[in-house]
Amino acid sequence: MFTITVASILLVVFIGLGLYLKSVPIFEHTSFWHLITSSEWKPGSGEFGFLPFIAGTLWITAIAVLLSLPVALLSALFLTEYSKTYVKKWVFTALDILAGIPSVVYGVWGTLFIVPWISEKLAPHFVEYSTGYTVLAGGIVLGVMILPLLISLFVEIFSAVPQEYRDAALSLGATKWQTSKYVVLRKTFPGILAAIILAVSRAFGETIAVLMVCGNIPLIPHSLFDSCYPLPALIANNYGEMLSVPMYESALMLAAFLLFIVVFIFNASSRAVIYQIERRYK
Amino acid sequence: MGTLQFGNPAQRLGSLGSLFFNNFLFHRKSQENSHTQQHKVSYKLKNSNLSVRNLNVHIQKNHILKNVNIEIPDKKITCIIGPSGCGKSTLLKTFNRLIDDTEGVSYDGSILVDGADIFDNKTEITEIRKKMGLLSQRPCPLPMSIYDNIAFGCKMHGEHRRKKLNQIVEDQLKAVGLWTEVKSRLNTPASRLSIGQQQRLCLARGLAVEPEFILADEATSALDPISSKHIEELFVELKEDYAIILVTHTLRQALRIADHVIFMYLGEVIESGPADEVFNNPKQELTRKYLEGAFS
Amino acid sequence: MKFKFIEEKVAKVLMIASAIAVFAFVVNIIYTILRRGLPALNWDMISKIPAGGYYNGGGGGILNAIVGSLYIVLGSTILGLLISIPVVFYLNVYLSKDSRLAYTARLAFDVLFGIPSIVYGAFAFTIMIYLGMHTSLGGGILVITLLIIPILIRSMDEVARQLPKDLLDATYALGATKLETIQVVLRQIAPGIATATLLSVGRAIGDAAGVMFTAGFTDSIPTSLSQPAATLPLSVFFQLSSPNADVQDRAYSAALILIFIVLVISVTGRLITNHFSKNKI
């Protein structure tokens, strides 16, 4: 048992190390700085600029968070401060279902509903033409995917605020909403931050759903209605060819390594924030 | 008293002892009272701005408060005493309608504050709550600076003028005796104060909205003896301007500072009246038993 | 009217709207898939493997994917439980609460929990190349096992940590060895193990990114660990990429089958939790 435990811990190290070692060849070929800042992606000619993919990932994650954060905060406040028990049961059931839907199904929903909606109803107001396979589509789908996580985390955080704080504010004559705004949200701010970091980390790694709706064009997106090509999609789409082109495998492993590092850092910082909170209030 | 004279010697000694003990305590208390209180034992309840008439409160099928009928005298300290679980806190929370948020609550009866029924649909809850300041058992400073804590209530009611707020903060901090201690760090988080200071801050916060009543729910039970004493002294000072309703679990506290006493048991008001009457001449058997410490 | 009351009303409307939005999404997702998938759903889909030319409109079904997914989920769940149950016991029975090892282990599992499945896939792929394995059922089981181990450990650990210390103390006081204590703990957290398993199964069945380059894809049902295996999510994906509209419709029905399986698992999980827990919301 001891060995299995230790082995599991070392697994983290192995994964990081393994991916790094596999990426080494490309470091010898091009400098890290150049890899991150160049937008030229021509594996056949040995050009590996990761900027479009990094930008794509950042774009859709930002949109996903922007869209789902207000909905999540408001829903969580509603669930903890306002709603009755039976309403809570229903909403939590709905959230459970959302959380359980496999990502490929989200992708199908995205292609069936979101993409045509953008292409036919939304985009004509803003641009001349859009296929619908856009940054926006990826952002919306991703946003819905992280919604259950955010809401359940928020509800947990909000419920942990002792009732006395709300009583104190209400007794002073504040309305329920004022109490939520000035007391609950303020008190839980670090927790909210930690939850967002966790959700972002989840969003970074989402592969299939995004891949199906984002367009997969390796260019830096300049508007919501441009296509993009996030990092996970890059890896998923090209694993078949990676062994035939030199350096390609190393490049994709670098992409995986980047993802690993980012997720690692985000998880660690989220934990650190939570640790700080617990320390301050103990 | 007849049979007792010829009863068991130990019993006789016991009852004599308790008589002596109680008298001694009450004697002490009435001496204290004579310093702080100019009125004598019985005073008219003419000055009462809070009347409870036939109040019944149910929480999820449990009959928590049964037919409560009391008058709270103005400018006095009213102590609600009774064993735990008898509905004292619920009664207090009904005064400012804080129990409205509890799930499954229903009530009937009326509570008249300044002549108006607070259960009336037309009354604005925030206005009612403005008249009642609540002090909880555990000090709960809001997650903001000392200044913002006190200014919070005023801001919620629309007062935003900086000068006025500054004045209010200073006044209230002085009223609770915190001004000199904190005047140099008004913008630091309130959570850094000691527990006793925090409770005084919460009191100042409640006073800032100019209430008529101060509702204190076992306000000193989480504090150390010295801070408790501070708060009690504050109550005695403040009763000149406010009606203070203090729920207390310790009989001694009531003995120390109460002017008016309400004894509750299992959701019913057993007895209520001026402190001297209730403590020295309880009319109900239950009250007498409680005072003698038969149960708590 | 005072601003604060207007603010309150507006806030309330927005909050209710957000809660409704959650419902709206669930309904929309299921309805969209249902609408396109139900007409194409027929008995053939779940009982036949793809015939030649399936992806261009030929006959057959997705039995290959259903069985493939089943094999992978079964294999990885068994393997995963074999690894994670001992770890949970070790963390909670053998190690003290404050031990450094326990803290580091939980930290490591949190990190592993957060690693996206595509990274696991890439990692497993490199290992497979190193070991000379080709895309196969074995590879798929390997990846999914890696993926669900953190999920299993985390869920079971949560339950195990809530065990009252008195339970362990009482068993020791009666003279039980560590091994016998394990049996007691096992019975106590059995519902926790059940929910953890269901959680991981749900996750395992729906994952596409991990199995993409480890299990490969095939039209037949694998008969050994070294043959490639098809999975439901990938089956949906590939059918969707076909230019033939009929095949696309079949993709939707495959998605429907997938959703159905996942919902059943999820409902079972909830029933178990509700049955065994005292105070849920």
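Order as written gives the chain letters A, B and C; numbering starts at 1 within each chain.
We take it that contacts are C-beta pairs under 8 Å (C-beta built on N, C-alpha and C of every residue); 3 or more make two chains touch, one makes a residue touch a chain.
Predicted model only: the values in this text are computed from it and were never measured.
S.K.: By label order, what chains touch chain A and chain B together?
M.R.: Both-contact set = C.
S.K.: Measuring between Cα centroids, which chain is at the maximum distance from chain C?
M.R.: It is B whose centre lies farthest from that of chain C.
S.K.: Which chain wins if you rank chains by how close their C-alpha centre is to the centre of all protein C-alpha atoms?
M.R.: Going by the distance between chain centres and the overall C-alpha centre, it is A.
S.K.: B-C versus A-C: which interface comes out with more C-beta contact pairs?
M.R.: Higher C-beta contact count between the two pairs: A-C.
S.K.: Suppose each chain is reduced to the average of its Cα coordinates; what separation in Å results between chain A and chain B?
M.R.: Roughly 51 Å separates the two chain centres.
S.K.: Which integer distance in Å separates the CA centroid of chain B from that of chain C?
M.R.: 55
S.K.: Between chain A and chain C, what is the separation of their C-alpha centroids in Å?
M.R.: Each chain's C-alpha centroid was found; their separation is 19 Å.
S.K.: Would you mind listing the residues of chain A that make contact with two or more other chains?
M.R.: 85, 175, 178
S.K.: Residues touching two or more other chains, restricted to chain B: which are they?
M.R.: 126, 156
S.K.: Among all residues of chain C, which ones touch two or more of the remaining chains?
M.R.: As it turns out, chain C has residues touching two or more other chains at 4.
S.K.: Once bound in the complex, which stretches of chain B touch chain C?
M.R.: 126, 156, 158
S.K.: Note which residues of chain A are touching chain B in the complex, please.
M.R.: Chain A reaches chain B through residues 84-85, 162, 164-165, 167-175, 178, 182-183, 186-187.
S.K.: For a test of understanding, state which residues of chain A touch chain C in their complex under the given definition.
M.R.: 1-2, 4-5, 8-9, 11-12, 15, 18-19, 22, 70-72, 74-75, 77-79, 82-83, 85, 87-98, 100-109, 111-113, 144, 147, 151, 175-178, 180-181, 198, 201-202, 204-208, 212, 232, 235-236, 239-240, 252-253, 256, 259-260, 263-264, 266-268, 271
S.K.: Which residues of chain C touch chain B in the complex?
M.R.: 2-4
S.K.: Considering the complex alone, what residue numbers of chain C touch chain A?
M.R.: Those residues of chain C that touch chain A are 4-5, 7-8, 11-12, 14-19, 21-23, 25-26, 28-30, 32-33, 36, 83, 86-87, 89-91, 94, 101, 104-105, 107-112, 114-123, 125-127, 146, 149, 153, 202, 205-209, 212-213, 233-234, 236-237, 240, 251-252, 255, 258-259, 262-263, 265-266, 270, 281.
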